[in-house]
Amino acid sequence: MMLTVKNLYCERDERVLFQNLDFSVAEGEVWQIQGSNGSGKTTLLRILCGLNDEFTGEIYWQGKEQSKTRQEFNHEVFYLGHAPAINKTLSPKENLSWFCASRGLRNNDQIKKVLNSFNLYGYEDLPCYLMSAGQQRRVSLARMLLSQAKLWIIDEPFTALDKQGVQELEALLSAHALAGGSIILTTHHSLQMDYSIRVVDLDAMAGLVAA
Amino acid sequence: MMLTVKNLYCERDERVLFQNLDFSVAEGEVWQIQGSNGSGKTTLLRILCGLNDEFTGEIYWQGKEQSKTRQEFNHEVFYLGHAPAINKTLSPKENLSWFCASRGLRNNDQIKKVLNSFNLYGYEDLPCYLMSAGQQRRVSLARMLLSQAKLWIIDEPFTALDKQGVQELEALLSAHALAGGSIILTTHHSLQMDYSIRVVDLDAMAGLVAA
Amino acid sequence: MNIVKATLRRELLIAFRSPGDIINPLMFFVIAVSLFPLGVGADQEFLREIAAGVIWVTALLAVMLSMDSLFRSDYEDGSLEQLLLSPQPLYFIILAKVCSHWLVSGLPLVILAPVFASMLALPEQGLFPLVASLLIGTPILTLLGAVGMALTVGLSRSGLLLAVLILPLYVPVLVFGTGVVDSALNSLGTAGLLALLGAMLILAISLAPLAIIAALRISVS
Amino acid sequence: MNIVKATLRRELLIAFRSPGDIINPLMFFVIAVSLFPLGVGADQEFLREIAAGVIWVTALLAVMLSMDSLFRSDYEDGSLEQLLLSPQPLYFIILAKVCSHWLVSGLPLVILAPVFASMLALPEQGLFPLVASLLIGTPILTLLGAVGMALTVGLSRSGLLLAVLILPLYVPVLVFGTGVVDSALNSLGTAGLLALLGAMLILAISLAPLAIIAALRISVS
Amino acid sequence: MGSFDSFSDFLAMGGYATYVWSAYAFFILVLIFNVWQPILSRKKYLKQQLRREQVQQERAQAQQKREEMTNGSAT
Amino acid sequence: MWQWLYKLTSPKWFYTISGQLMPWLVGLTTFLLGVGLIWGLAFTPPDYQMGENYRIAYIHVPAASIAMGCYYMMAIMAAAFLIWRIKMADMVAKACAPVGMTFTALALFTGSVWGIPTWGTWWIWDARLTSTLIMMFLFIGVMALRSAYDSETAGGKACAVLSLVGVVNVPIIKYSVEWWNTLHQGASSLSLSNTAANPPEIWMPAFFVGFGLFGFYLIAIILRTRNEILIRERKAEWVGEVLSATLLVNQGEV
């Protein structure tokens, strides 16, 4: 088991987002977090990757308590949130090379290859503010491949992508899972992957705080 | 004819959003502007109501050139954009009463009635930041009824509304049109109104700037 | 004018609901004024010479820095669009907005100024001229600042840009304002200078709203 | 450390791409310094007395007001989350960020300060101590300001709140900084005071990043 | 040398050499800057335009290739 | 007259005419500046009071007055752009800011350098000096505002509004600062030497340098405006032709 979640409970503004939440993510598994707007999907992902600690319950990373293996955890987990984490004045190459450095990688030669595979040939050195929303999203997603992480936690990765982009991303996710990696994602888009997907439905978990 | 648009042309970032755009909105008509993301729907609505003057072509309001009848035009047209125009520290009542004053109306007694009809009974005096996105949207929409305008220009009015809210809004739009008012709106949601709707499709209008 | 009353009411309500907008410029003024004795030395003889200048420069900076709350939230929540589409005379709406902003950010400074002036050992005959000059001068600063703010409200990262744009324009107000106190301390008449400041205020009241409206139209489109 | 180099590179690149971030604090400094003679009078005798204090207070305000560009855009585009999830030592990344921010917003002030000091008629023997004290003092200001900024970056309208939070913390730096120049003008030794400032800098370098990290975690969650 | 006795006198400017010559040096600097900068930015713009055209051509070619490939695999 | 003015508002006409005019302007400017500078530097007799250092006046005075003229020109162009929406006016206004800034810097620098031997200090808070410094800030403000806008038209309009607000203020600034200074210290001690009272050998070169510098100012504005035309009108057919022609020529060296 890579990630194990036990008895997770989170409330916000007098409303329970989820309670008694238990699940384990094994290698090669793809998990989708489902729920309507405001049901707590983003909150859950941020709890899982350690950006939010307003919860009770336990999270284990490869058997050890997550909060005690932070460095290792950060090495092996990649998180991509709603925001693209792309500086608009920098070019894709500059953005990605800082990203690599921030993860302790030295694969500058790979950046160009990965950008090409995301259909960004010719845009490597253009400042990102000159690019469309979809292209910026691609730059953001390119980091997934560069990160060399085992577990990808991605929030709404399909936003702003066109049809072709969606297909390519789905293929990429399948490939990562087939290669033994794991994925936790949320999306309002219905996935068309040839891969079995496990689901956590947060709408079923909600409730009112007991008075 | 309330609003007549002749030979409208608009480009942005080297891309023609629309060209040779002609249409006339008569009393009792509902027009929907269609198009994919970034096709220029919002831009068109803002041009029509006079917030944007980066275009060429003519716009007539009741036969007169729009730019020459600004005051009258502003009296008889109501615009609601992406942003709700709701100050979050004020209550719905306070927000709406300033709105009425800004349109030269003195119908403070109507505000409560309109708020009730938008299912906001009991929320009149709560600051808006304590309300959900949907409730804020309702406050914003309540201004439509208060405005006493003939032409409503509304951008994505259905966002953040739940099922019931959507039905009620559709009924409201039909009622306005039946009473002789006109509506121009954009939405990604498929309208379920018993009313014939005219369509402008912007995707068909786009093009590249001639080199 | 119903709309003027309504706008004043709205703006004052908003300000009192988020008290930071009133307290912060005042606190900035108080802290910055207190920094000067620490920076230039606490000699009374000496402080009295710089008192009026320091108070004026700090008040000027406080007014400039408080401008951010004038149009920012209206721009972000879309109220500014509605305002520009109002069939009522825009000139008066804008004037009412600026006026209420001065009431919550400028007036408290004017009221507190004599306290700090006497902490800085400004002689007594300078106190009333100081207050009078601030009373006429700060509205001019607010009006000019509103023009700068209207020009920069649409920019994502304006930061200190506002300062670069409008501080040079503040120079005459500063010169005449401190001039009033100076004349008083040298036992010269202050009426002429105050009248000059008043004329500038009238000029600003009549022209600045037009510039603000033009600038807001640019920022919103 | 590869990550330190990479962070410095990134931050400097961003700064040079949006030159406003470099120019605006500098222009604010220059304009605000020029306002003082207009406010307090142009008498040379008199200006030299306040020169060091005015330069220090204005530099302090400029540094404080420039802080907004340190974490704001990273917060808004989500880079801050990525930074906090980095497996590399955060302490050094933060230090590199603060350092590059000082290089673009603090260092130019230090370099330009002697020019404006001599415009304010600061005697020559005060110039070097002024530059030395600013060189050691402004990084402390930047580090303290970064703590305040990290605390307020998550708030939608921080504005003058930052000023109210950190200006009081700036007081010791201001006192010792102007003290250095004062001692020099009175022909006393400046080494002791500079050493004290240096000690404060070392303290700030070792502790402030920890406070910044803690504050950023709070702001992001 | 006009009103000067010698060239070195001219350079010395009656003891004011630093002032006069630094003023004139700055003057020349301003002249050069105001001509050079627009010329430089014109060159940069032309270069950029050239590069844009090249990239556009390359993208068009790549697009064509991809279309040919997908058409080929479809039939 | 009107037709000519109307033509001026056409970028194409401006581009071609300025292109044809340029060699003449460059020639005339070089001649005037060359004659004026050599004459002024080497052939005029030294001033009986200031000695040789008055030769700084030959560049200081025209630089200062052209800088001020440049600000007014920028404001006029701003008005033309806002009122009649003449795009050319905005392009010229855009060119005015950096040129005006460098000329102001030149006036400040030469004045300061001149002040060291004559006044014994390179800076005093004299009315004229202070108002020149503030004019420099105004130029920088306009440039900063334009660079902060992404959109060309919006930036142009914003700068136009700022320039106009500034131009209302310029006389007020000048007057206020003059008033302020006389109260604190006598300006008489700084009275600048009066060129009108000097013999023609002294002021004739000043005319040459003055007109030469004015010619140079026009050249600088025209160069920048031409660039701006190429960038903004890149979709116009005639610009396409100009571009492809220059690109063909340049392809060799690029």
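To keep things simple, chains are lettered A, B, C, D, E and F as they appear, and every chain counts its residues starting from 1.
The rule is simple: contacts are C-beta pairs under 8 Å (C-beta built on N, C-alpha and C of every residue); 3 or more make two chains touch, one makes a residue touch a chain.
The structure displayed is predicted, hence computed values, not measured ones.
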{"item": "Type of chain C:chain D copy interface by residue overlap (half), same or different", "value": "same"}
{"item": "Greatest separation from chain E - chain, by CA centre", "value": "B"}
{"item": "Between chain D and chain C, distance of the C-alpha-averaged centres to the nearest whole Å", "value": "26"}
{"item": "Approximate Å spacing (C-alpha centroids) for the pair chain A, chain D", "value": "37"}
{"item": "Computed distance of Cα centres, chain F from chain E, in Å", "value": "21"}
{"item": "Set of chain E residues in contact with two or more other chains", "value": "none"}
{"item": "Set of chain C residues in contact with two or more other chains", "value": "18, 73, 157, 161, 164, 167-168, 171, 175, 182, 221"}
{"item": "Set of chain F residues in contact with two or more other chains", "value": "134, 137, 140-141, 144, 148, 177, 180"}
{"item": "For the chain C and chain D complex, residues of the former touching the latter", "value": "18, 20, 23-25, 27-28, 31-32, 35-36, 38-41, 46, 49-50, 52-54, 56-57, 60-61, 65-66, 68-69, 72-73, 157, 159-161, 163-164, 167-168, 170-171, 174-175, 178, 182"}
{"item": "Residues of chain E touching chain F in the complex", "value": "1-4, 10, 13-16, 19-20, 22-24, 26-27, 30-31, 33-35, 37-39, 41-43, 45-47, 49-50"}
{"item": "Partner chain A, residues of chain E touching it in the complex", "value": "55, 58-59, 62"}
{"item": "Chain F-touching residues of chain D, taken from the complex the two chains share", "value": "19-20, 23-24, 27, 30-31, 34, 37-38, 41-44, 47, 118-119, 121"}
{"item": "Residues of chain F defined as touching chain E within the complex", "value": "37, 41-46, 51-53, 55-56, 59-60, 63, 98-99, 102-103, 105-106, 109-110, 113-114, 116-117, 216, 219-220, 223-224, 226-227, 230-231, 234, 243, 246-247, 250-251, 254"}
